[in-house]
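Read from first to last, the chains carry the letters A, B, C, D and E; within each, the first residue is number 1.
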Amino acid sequence: MNGFALETWVLNLTWIFPLGMALLLAVIPSGSKRVIRGIATVAAGINLLATAWLTLRFCWAGPAPDFGATRTELAFAVKVPWIPSLRAGYYTGVDAISMFLMLLAAIIVFCGTLASWRIETRVKEFFILLQVLAAGTFGSFMSFDLLAFFFFNELTLIPTYLLIAMFGSGRKEYSAMKLTMILLGGSGLVLIGFLGVYFEAGAKTFDLLELAQMHFDPSFQRWAFPAVFLGFAVLGNLFPFHIWSPDGHAAAPTAVSMFLAGVHMKIGSYGCLRMAIYLLPEGAHFWAGPFFALAVAGALWGALAAVRQTDLKYMNAYSSVSHCALVFLGLCALNATALRGAVLQMVSHGLITAAFFCLIGMIYERTHTRIIAEMGGLMRSMPFLGVAMVIVGFAGLGLPGLAGFPSELNIFLGGFLGSSPAIRAGTFLAIGSIVVAAVYLLRGVNAVLHGPPRLSHAPTGGQGRAGGDATLVEKIALLVLLLGIIGMGLLPGWMVSRIDESLIPILNNLNRG
Amino acid sequence: MNTFPVLPDLLLLATGVAVLVADARARDEDGKICGRLAAIGTVCVLAALLFTRSSVSGGWSTYAVTPQGFWWRLIFTLALFFTQILSAGYFDNGPDSVGARHAVPPQSPGAFHALLLFCVLGMFVLVSARELLTFFLGLELATLPLFALAGFQSRSGESVEAASKLMVMAGMATALNLFGLSLLYGAAGNLSFDGLALAASRPSRLLELGALLLFGGIGFKISLVPLQMWAPDVYEGAPTPVTAFLSVGSKAAGLAAMAALFFGPLDALRLGFYPVFAVAAVASMVAGNLGAMRQHNARRFMAYSSIAQAGYFLLAFTGDSARGQSALLFNLFVYGAATLAFFFALRATGPKRVEEMGAFRDLSREKPGAALLLLLSMFSLAGIPPLAGFLGKFQLFSVAMREKHYALVFIAVANSVLSLYYYLRPVKEAYVANPEFRPPLPRLGFAGSLPLWILALAVVLLGLWPGFPR
Amino acid sequence: MDNLSLYGISGPTRLWAYAVLGLPLLSFLLNGLWLGRKHSGASGWVATGLMGLSFAAAIALALGWRSEVLERPSLFPQAAALAFEHVWMPFPGPALAAKFSFYLDPISVMMILIVTGISFLVHLYSIGTMREDRGRGRFFALLSFFTFTMLGLVSAHNIVQTFFFWELVGAASYLLIGFWYEKPAAVAAGKKAFVITRLADAFFLAGLLLVGLHAQSFDISNLNAASTADALNHSVVVGGISFNLLFAACLCLFAGAWGKSAMFPLHVWLPDAMEGPTPVSALIHSATMVVAGVYLTARFFPLFSACESMLRVVEATGLITALFAAVVACAQTDLKRILAFSTLSQLGTMMFALGLGSGEAGALGYSASMFHVFTHAFFKCLLFLSAGVIIHAVHGQDLKDMGGLRGRLPWTYALTLIACLAIAGVWPFAGFFSKDEILLATLVNGRPFAFTAALLTGGITAFYMFRYFFLVFHGSRKDDSQSDDVHGESAIMVIPMVVLAIPSVLAGLAKGVFLSTVRPFPALAEAEPGVSSGFGWVPFAALGMAAFGIAASYVLYVRKRTAPGESPSSPVWHRIVARKFYLDEAWMFLARRVAIGGVSRPLAWAEKKIVNGLFDLTTFFIRAISVLLSWAQNGRLQFYSGLSLVGLCLLYLLERGSP
Amino acid sequence: MNLPACLLLSSALFALGVYGLLTRRNLIAVLMSLELMVNAALINFTAFARFGGGDATAGAVFPLFVMAVTAGEMALALGIVMALQRWRSRIDVDELNRLHG
Amino acid sequence: MIRDALFYAVAAGILISATAVVTLRNLFHSALALLATLFASAALFLLLGAEMTALAQVLVYIGGILIFVLYAVFLTMDVGSKMSAAGKFKAALALPVAAAVFALLAGPGWRGASVMGGGIHGSPVQEGFASLRALGSRLLDPGANGFIVPFEIVSVLLLAALVGALAVVRGLDGGKD
């Protein structure tokens, strides 16, 4: 293992380190909550810094990846044999897509950790599980071996279930169970697809990049593609497989909602792009139409359903359905612009929805309600949270200058570039979802922040538990997210160029058939 | 004539006899000596196994120690060992469920250990058999003591009921086996596996029927549909260590028998038997998974789980024999570790016979280690990465997938998904449910918690470095 | 498609361009992040100062542009230049990129001057009105933010940039309308404004993407090139419906303008937007943002004029809005709503002028429209500012509660009169000239119906403006008891009004310059003189209508002292007009009953019961089987044995049955 | 007397055993039915040994072992029946249904 | 010919007595019927030329197993008492199952074996294949074809069975005392 660059070590440590921290937390007595919180926060912070550093190295100083027509070099790659009998390897590395998603994950884990400072019961278990969750996510995004990817992806399942069931609210057990079952169902489909790909390729390797060079039989692709794609789409929140998400989000504690909607779903859409479309391009061409239709339906369905929600978390959950549908819209349009838009949308939606869930959690801690009708006039008592919520709301409805806009612009442009009039018409319909987004987001923002203040939860003054504005910790969490949202909204250009490079192999595969 | 390779078998026999002798002599002590003797003997067997690992016996036409056999024997011996640990102290305070009602003097564990040892000896015979008679005797020796073990707490109604049911169903299975063996004999003209293999190369209906009857008879041991129905009742009624042994050791023995026949002399028949294997596998998965959903009794729950797992195991028989055998063995280790882990976690909830899932309630606060073990065990059984259960199932699925049995794999995967629904229930009790008042649980101590950690490590590490069996 | 290369402006002037944009942004950041919370007293002055600097920079920029571009013959006809251009996000495709640019051509320079100038004055004025408001830091931050985004909008040479700032302008408007966020009506109005314009913007976005894709560029000069229209001009069939893509794309683009400029029937948000602070109404909802729609239409005039039916749509929309709003204004009693409808009416006028025709004659309408944008900005802003003083003075904005304020507010009285005369189109005030040009353009383009409607609108405008004027300042005072309480006119509020009054009177002088420089088609500049000959009677007709309107108003409200507002005896048509033809109610019905009740509610139900229900049904089914299995496991040994044997028999059949 | 006849006989005996297994309510009677089934297998072995013409001695040896095993099984069964007797007054298999579900 | 007649007589005896075993309501009678069946089987073995098997049948089965059965019968109930009859429903269900099992087993046996006729693997009749001498040499032969190992194993099995039976019964008395 000698001879790897520092970056490679750091990259692989991003998933090993949280696991180590989880072990460290495990031996700390559960009574010392402050220490536990501190360690968790520092760990998440270190990981964020490490990931940010990696991103910088990747974008500006990293070895320029050589994207030839046939072979893709990953940055910071390492490949060692793992299960020789299956020819599975531990193969990690990053390209732009995974790098940005890792950065997103690091941001959200960090902010989620900060947002969870108010948890008082079973603090130790909470942060251990959160660290495991982080490890699984980082591992997923950096794995370029199908089996290792699957391992890491599933590693997130156990902590997710426990975090919701243990720390959630409302119908937490039902929701946690529903979420776990449906997600596992998706994973099952993925597994079948992976097995199919593996054996179709002669059971020689699980290496994604090698597999991607194989020309699979089109008839095989036609059944394997929907298995892999739908399997991931379940996680990626594609209508009508989204049913796990609203209940799951509503029941989950703040950090987990942030994580689920912000990062976890992205593993799904990432898988759709990286595994399904990359490996099975002809299947993708064959199935793009139906899935595109689902995406359009989801964009409108989620948005319209969000309008009627009374619970803020449900509202945001359905908004996620709508926004994730846009990711799939981009994926199914199968061209450079749309795919890039989809990747951008993954990142931007991750940031936005995490920020929104973060805010909802903070507001809930002060008002003890998430019902929209029971709130009002919070702008006066909590101006910081209020302003943040307005910004996040605007970002959610795709206001230019904030993260949502560049991605939607790319997706819609990509949709119009689509091959058939039906695709273009569908894109046109999907644009309608941004109007509905304005309706429900402004409704939410208005009802919560504006209007006369409600006496029932009038501020009790000061920054603290009961009423007041955000504490320092919460402010940091929100500011990091807002910085991401605004930064990405204003300067998407540098991300775009790197993403375009990373999409080249996928597009090559798509254009091959 | 080299007796060295059968050293473990002989040691096992010697230990069994020694335990009996000790039991007879050490009347006034409470029999701890028997348990210790048995454990020491088992460790010796383990050592001998490892020591003789590479040696292959020859000479007997009836009995042969093969490299493949090493892994089977290892599984049996480990199951035995953990069952012995699990049973330590189990009989000290009298039979468990009735213990509260009647003050019963402690029961001698000598017979218990001896029976276990003989049972494992039977399993050894089973995997070493080279002809049908020895095979049959091994199967019987691996089964007969189980009646007594299941009914060991003969004062407990459940225990005896379990023993009776086991006895009758096993009797029926024996009858089926015998009839099947007779047909095989008829078809082959002799009892040796080689002769049988020769006969199997030109299948006849006689042979097929014989094989099917044996499939049924052996299926009984692995609680395979349609002979699975005894399992829930017996698992629930039997003493907990016996239940653990039934679900690990006995099932492994059944699979060994199945493998000995269908990867052995009847290999040529396997292709034609695919529908039987597939349907039995699917039916077992469905019956086990759906049946487990409503169970509240922990051991009954495990019975259904083991039925479902039997279905997955059967996938190994739908493909290539070398891969199938290796997948089977690997998954047995994995399954065994996870199942034993469950029973150890169950024991950590108290010394008494524990009936309900509620026993796990709030375990995560009182005994985080045991709760973690339970968690790992359940997720491993459900086949969730990165735990060992995933790779186990993955290999089984691969065997079927390699032969392009897509529908079968699809159903198996779907079932595997479904299974998480009930595997989560103990976890939910341990981690999620609200605490209720309970007397504090006894401390396990280092020695008590050591097997827990070993099993936990096995469940995790087997999933990450599945370096055997090759 | 070749990318038209534009003249890049020289260094110093470019710096001015950065300053014009940067100073309001700086003001926003300063106020928003720092001053607004701790030193909100200073925030107004800082913001006003920076805005003044921005205005100065704008003047410098305009001068630079004039000397560098306008007076350079080679560049003259088009008079377009780029101050700077940075790629914001490239797209795959030859020249397809979203860019951040600063475009200088006659109309953008005009808009930059209007926006910075009026913004500066409104900032100054706001120091007075917002003196006692807690949120003044936030107010100035947002006002500066609006100015910045509006400047970004008008200076865009890339349609993505246009859209970018287009949306931001809307957001700023939303925030400023709902500035008093504890006032439910204001908040609701902000949301209404945003959602309705958003609806239009969705089409705008679709349109710009369509057009951009066919032009292979997002640069406006490329979009306006004839080749773009050619590329678009073909039929498309979607779902059995065939339509011309050029028309559809232009319609989508125009939809954006439709919403932003509050054309009928999307106008309903504008009157409600008056719930915001008066300076906001003055800046955003009269002089600048609402004009953006007209500006956008003018921007794409070359493209639109390639499609005759598109121009008809523009014309019809403008005309209907102009007339409709004028009529409705006559029956309103809310001070600011009257002004709002008057704005609508004027916007309609500007709009239809753009749709009069293509080619040379159409260019006349274009110039006239832009000229009206210019003049209207001053007097309408002045009207709003004076209304602000009035409202400030009497703590109310209902005409029914007013009267006889002439004595108390002498400055305001005089300035309002000027503005009213200007808007009524009385010579020699600014409005006369611009309206005159528009009337002329209708005739030149041979659109008598438009001419008649415009003339009628002018008359009605004069009527309701003077109704407003008379009812506020003449007659008797309604609430003497509160007289001590009444605020007077503070200098800081009057000064900006006075400054605005000057161009309200004199802006007509710029007519010559306008008609010669503000041209849509560079190539036709030489053919300009002589078109308006033969229509010398038009100004007199317009003046006559104005005089008639004023006179009617005088008779009704000064002589007869008719009470404004509804009374039981009012005729039905009065009520209908006063209720704005029930269009708000219609929209409400559409939104509440149709969109939410008819679509969203059943959908949410389906989500809950069908989509989720399917999952629950599956679980129920599985549980049912589970119960069945549990029942089969009945503890009976012989049942078990029997079942096992039957199962074995079945397995045998299966084995035999399969090949 | 030939092989098919013997097989037919053993099958019939086995089926009778099955009938008993499924219908007899007394546990001992059930065990007796099982003996019938085992005996059917023994007939098979012997018949195959006699008529099969292969390793006939092996076929004759097998029943001897089976008898031994059955003897052991019966011994165990006796123990369990006694235990059951202690617990239930009648050893009725239909009453062995406390464990179910 | 006589052998055939004898065979059919013995077969009839087996079946009739077996029917009695599974239908008689008196358990003791049932046990006696089993005795008859086993004897008839022994006769069949004799007919088939397997003297040692027949001998073992008489000695081990009848002398050993049946004694266990009778012991159990005596132990558990009054000799004269009747079992409650099998329910009609149960019988109605069991009959088709038994028939199906018969069809399952007899089908291939009938067809397969009749096709093969006598002597599947060589000459059909080998007198003395089950003589004491033949069996003894095979049983105690440690060589290639011997059954010495099973012989050892079955002894362990019997030991285990006895230990098990004792353990169960001893447990009833409350452990060892």
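Heads up, the rule we're going with is that a residue touches a chain if its C-beta (ideal position, glycine included) is under 8 Å from a C-beta of that chain, and two chains touch if they have at least 3 such contacts.
Remember, predicted model here, so these are calculated numbers, not experimental data.
Trainee: If each hop has to land on a touching chain, what is the smallest number of hops from subunit C to subunit E?
Mentor: Steps on the shortest route: 1.
Trainee: What are the chains that subunit D and subunit E both touch?
Mentor: Of all the chains present, those in contact with both subunit D and subunit E are B, C.
Trainee: Report the chain whose CA-based centre is farthest from the CA-based centre of subunit E.
Mentor: The chain lying farthest from subunit E is C.
Trainee: Tell me the chain pair with the top count of C-beta pairs in contact.
Mentor: D-E
Trainee: Using CA atom averages as chain centres, what separation in Å is found between subunit B and subunit D?
Mentor: Comparing mean C-alpha positions, subunit D is 26 Å from subunit B.
Trainee: Using the average of all C-alpha atoms in each chain as its centre, how far is it in Å between subunit A and subunit D?
Mentor: Centres of subunit A and subunit D (C-alpha means) sit 64 Å apart.
Trainee: How many angstrom lie between the CA centroids of subunit A and subunit E, rounded to a whole number?
Mentor: Computed from C-alpha means, the inter-chain centre distance equals 69 Å.
Trainee: Roughly how many whole angstrom separate the Cα centroids of subunit B and subunit C?
Mentor: 77
Trainee: Mark out which residues of subunit E touch at least two other chains, giving numbers and ranges.
Mentor: In subunit E, the residues touching two or more other chains are 90, 93-94, 97, 101, 104-105, 109, 113, 120-122, 145, 147, 150, 154, 157, 160-161, 164-169, 171-172.
Trainee: Among all residues of subunit A, which ones touch two or more of the remaining chains?
Mentor: Answer for subunit A, listing residues that touch two or more other chains: there are none.
Trainee: Please output the residue numbers of subunit C that touch at least 2 other chains, ranges allowed.
Mentor: Within subunit C, residues 630, 633, 635, 637-638, 641-642, 645-646, 648, 652 contact more than one other chain.
Trainee: Per the touch rule above, enumerate the chain pairs that touch, sorted by label.
Mentor: A-B, A-C, B-C, B-D, B-E, C-D, C-E, D-E
Trainee: Which positions of subunit E touch subunit C when the two form their complex?
Mentor: Within the complex, subunit E touches subunit C at residues 90, 93-94, 97, 100-101, 103-104.
Trainee: Help me check something: in the complex, which residues belonging to subunit A touch subunit B?
Mentor: For this pair, the touching residues of subunit A are 83, 85-86, 122, 125, 147, 150-155, 157-158, 161-162, 165-166, 172-173, 177, 180-181, 184-185, 187-189, 191-192, 195-196, 198-199, 203, 223.
Trainee: Which bits of subunit B are touching subunit E when the two form their complex?
Mentor: Counting only subunit B, the residues touching subunit E are 1, 13, 16, 20, 27, 60-63, 95, 104-108, 111-112, 114-115, 118-119, 121-122, 125, 133-134, 137-138, 140-141, 144-145, 147-149, 151-155, 163, 179, 183, 186-187, 189-190, 204-206, 208-209.
Trainee: Using the touch rule from the top, collect the residues of subunit C that touch subunit A in their complex.
Mentor: Residues of subunit C touching subunit A: 87-92, 98, 160, 163-165, 167-168, 171, 174-175, 178, 181-182, 184, 187-188, 190-191, 194-195, 198-199, 202, 205-206, 209-210, 212-213, 236-239, 596, 599-601, 603-604, 607, 611-612, 615.
Trainee: In the complex of these two chains, what residues of subunit C are touching subunit D?
Mentor: 630, 633-638, 641-642, 645
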